[in-house]
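Chain IDs A, B, C and D follow the sequence of writing; residue 1 opens each chain.
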Amino acid sequence: MEDLWIKFGQTVISGLLLGGMYSLIAMGMTLIMGVMKIINLAHGALVMVGMYVTYVCSKNFGIDPYIGMFIAMPVLFLLGCLIQKYMINRLVEQDSILPENQVLLTVGIMLVLTEGIRLFFKSDYRSVATSYSSDTVFLGAMSISVPLVIGFIITIIFTLLLHLFLTKTDLGMSIRATAQDRDAAVYMGINASKITMITFGLGAALAAAGGSLLLPLFYLFPDIGHLFTAKSFIITILGGLGSVWGAAIGGLILGLSESLGATYISMGYKDVVGLVIFLLVLLFLPGGLRSLVKR
Amino acid sequence: MLKVTDIDVSYKDVQVLWDISFEVKQGEFVAILGANGAGKTTTLNAISGMLNIKKGKIEFLGKDITQIPGYKIAELGIIHVPEGRRLFPEMTVRENLEVGSLFPEAKSKRKETIKKIFEQFPILEEKQNKEAGTLSGGQQQMLALGRGLMALPKLLIMDEPSLGLAPVLCKQIFDNIKEINKDGVTVLQVEQNVVQTLQMCDRAYVLENGRVSLHGTGEELLNDEHIKEAYLGI
Amino acid sequence: MSIFEAKNITKKFGGLTAVNDLSFQVEQGEIFGIIGPNGSGKTTVFNMVSRFYPLTSGEIYFKDKRIDTLPAHKICKIGIGRTFQVVKPLRRMTVLENVMAGAFLRTGSIGKSRHKAEEIINFCNLDKYMHREAKGLPIPLRKRLEIARSLATEPELLLLDETCAGLNPKESEAAIELIRRIRDAGVTIIIIEHIMKVMMGISDRILAINFGKEIAMGKPQEVANHPEVIKAYLGDAYAKSN
Amino acid sequence: MLNKNILMTIAFALAAIILPVFIKAPYHMHILILIIIWAIIGTSWNLLSGYAGQVSFGHAAFFGVGAYSAGILTLHYSLSPWWGLLLGPVMSMLVALPIGAIAFRLRGPYFALATLALGEIFRLLFLNMTNFTAGAKGILIMPAITSKVFYYYAGLGMLALTLLATYMIVHSKIGYYLVSIREDQDAATSLGIPTTLYKNLALLPSAFFTGLAGAFYMNYVAFIDPNIVFSLTNISIMVILVVMLGGVATTWGPTIGAALYIIMGELFRTTLGPANVLMFGVLVCLIIMFLPNGIAGELDIFKRFRQRKKAGLSGGV
């Protein structure tokens, strides 16, 4: 009986910890979707590129992944800005039959990023080895992996910083204003094109941060991006577009449901659980969890 | 202060304005009147740099601003309070005000300006931590006005401030705008509430089908039979 | 005989009441105008009638049959056509194809639908633009195209939303002439317009609303001289001074 | 003009029929067969997404169900996988019904996301229902026929059927209604078009022919596993790119796109080695940025313009 409870507790806690890190990635997506109103199918690929940057730092230069992420973030910020300015932004005025042109361009970008990385690193599975990768801490009778705990703590710090940035700084408020009413933001003197570019960069940097935190926990290969694209969609739709706290809660819920699904249903079906939640939210709760709070 | 000379404006491939010319002098209260679809809002958007101007010239304080992008217009001191208020619905009242003051000068005086605005609109102080989307129509218009004032505008452009407001609230907003004008801010206003607008403005221009059809002082136009005809067809 | 009746219809969006307990009847063969200032709820009335919005309360009857429970696409089938204030052309289809899309409601045959569409395009004086894509048309022609497209569905009642807004006097006159001819062809018309001038000439009866409520109803002259209407359009002072 | 179109079509058809006389190498035949399979999927996707404007990110569900219908017939019932050509399309239509019921409640990007999720759910289900589908191990069959020429003609027949069926749908009342829904759903509703019904009228044939392609694929390649035939990137998203490449909402666009995709893929593979998919990605980006309506779509503008003046029927419908 007690064993069952320990197993349950361990499942819940590791699910929540992992979900926290997912939510960091999803915050990047929710910011981009909030400001640009497009589905970014390259988001997972940005995560993946960020992971490779951190991986190279660790493998070739011996930089600890938790330090390496601070190199990956600015690199991805720059990459995101360039992609937005020179590729996606060019389609804004284009008259095409399918309005999904921008989405399809993100698919193209995803292909380029994934295959570009594959060219250099092949499809091999890689992992970083740190002294603490396989360490665990004990919480009562439950054992929790150390990278999960560190990653989660860093996530909390980042979430708080992001929250402060968005509510207390002019740049952050400009981002929110642009997301909520682009024209009105321009009336107030905000350079909405520049803000859009910065937001995409910021979203990419957050993707890199989340990816780097997950690096000690996942095998790295070029196609891992798809996994994160899917997860961040689920979280973004779950939490509501453009909402940082929505993404935080959504991430926790996804992590938890995956973890419970894996333990109690089967490993194979755990992703189905997330997708089904995703569909249910799309259909029955179009504003995400945030719309519940508002009611 | 603001001088518009012979501008033509098109939306995509459709021309909306022809040869619009008018002038707003320092400290004046000027109104633009006209029916739905006459081109009033387009005229205002042309001034605030949201549209491509094909022909003509817009000058502000002697400087040619015809081709300056929208976000730079605000910094020059032209603040546009758009039709339908266009607040940032998920930001608090205070945050909305803060977003109004992003330029160095306005930012340095942010605290004082907010204080002044709270004095003028006590209800905004009371609700400063509420999301703008939860305010009533009248309160939203006050906030839109306040947000505009945060930038310390030289020229305030008001687009249909009375839209959707009950008569009592309408009057209150008009009083507020008049007061702001008396404090030295030049005002250019588009309104459908003809008489009240004519009573409080110095001069007015009437637009019909994308052209200026009439202009004069408020008093002159109040007594002009054409106004009544244009609006009521009698 | 009244062909259409709205009974105490109300529409609320959250806390805002856009249309408040409004009732009116439209007689067979008349042109019935609805006027009111910006934001007074005119278009909401149309969206309720054409079932784009569900009613908060009230009932709508067409030819003595209750219609406020039908799905939106059935409204056209039973004989009520509409246009939109912000025109919605089928942008990448030609004028002919736009009107054919309407004509297909009553036929499955390409030939018949094409024949009917050509007839209506001629009726609406759009024949010169028959093979132009809708996205390149200027506003006055787009408005006319929308009327043509709706006529192709063979409506008995046509709802026109701000057909003359943004038109110059000459274009406006041409539009009015077209509306008259449509009525003469036996179609009952409800028309929304912000500009009263337009309505004065063509409406048989006018309903004036403000804040979603009726403020006056009757013959155009009566409505135009009604103090509440003058107040709504020009403001308090005008009503008193005149 | 119309005659010229018919003549061109006949010329193409004849060329396709006599092609095996000149192309003998199995490798080249293999490429042609792959082009045909992709042309069928692309043409089907184009009906739903190009003409009706409902951009599906989940067409792999139909392809996979078609393929597995054929595979499971052999695996569990020892029937010839050729029966799958009958069962596969029907099964695909059957799964299309619930997929449509869910996804058509949503519009635009939300529709796209829902189809994406549904497609992935199918992949995961087929991966995990190991008793029924053999899971990740996949299904391997021993094909009774090995002649590439046979597969070429069989595929060509199916492609012709798909093209003809979609052409007839698009040039009927249904086609007009589908394009109306794509251009403006509210306007379509105001014209009395039951939009959900007509979206289904695009979805069902689209699923049917995609399922047919899947069943044919099983017969030809003789091995499937869920990660191949239900693949999000290699099927669902690739079909979008194929049609974008060729031309959205055009009759021949998907076929042109399929030919370009496969031929370029092979060319890049042989000349660039591992960088081939990268080059493809770059090309996709360039095409979306500079030829937003695809190759046939952009050419079509000139064609349509001339056609309009004479016959007045546009290529848009």
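Note that a residue touches a chain if its C-beta (ideal position, glycine included) is under 8 Å from a C-beta of that chain, and two chains touch if they have at least 3 such contacts.
Keep in mind the model is a prediction, meaning the values are calculated, not measured.
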Spell out the chains that contact chain A while also contacting chain C. B, D
Taking each chain's centre as the mean of its Cα atoms, which chain lies farthest from chain B? D
What are the two chains with the most C-beta pairs touching? A-D
Between chain A and chain D, what's the gap in Å when you average each chain's C-alpha atoms? 32
Using Cα averages as centroids, what's the distance between chain C and chain D in whole Å? 42
On a C-alpha centroid basis, what's the spacing between chain A and chain B, in Å? 42
Whole-Å gap between the CA centroids of chain B and chain D: 53
Residues of chain D that touch two or more other chains sit at none
Which positions in chain A touch two or more other chains at once? 95, 97
Which positions in chain C touch two or more other chains at once? 92
Looking at the whole structure, which two-chain pairs count as touching? A-B, A-D, B-C, C-D
Show which residues of chain D lie in contact with chain A when the two form their complex. 49-50, 53, 55, 102, 105-106, 108-110, 112-114, 116-118, 120-121, 124-125, 127-128, 182, 232-233, 237, 240-241, 244, 248-249, 274-275, 277-278, 280-282, 284-285, 288-289, 292-293, 297
Chain A - residues contacting chain B, complex: 167, 170, 173-174, 176-177, 180-181, 183-192, 242
Please give the residue numbers of chain A that touch chain D in the complex, ascending. 38-39, 41, 87, 90-91, 94-101, 103-105, 107-112, 114-116, 118-119, 223, 226, 230, 233, 237, 266, 268-269, 271-272, 275-276, 278-279, 282-283, 286
Touch list for chain D against partner chain C, complex: 171-173, 176-177, 179-180, 183-184, 186-195, 308-309, 312, 314, 316-317
Complex interface listing, chain B residues touching chain C: 13-14, 16, 35-38, 160, 163-164, 166-167, 192-197, 199, 209-210, 228-234
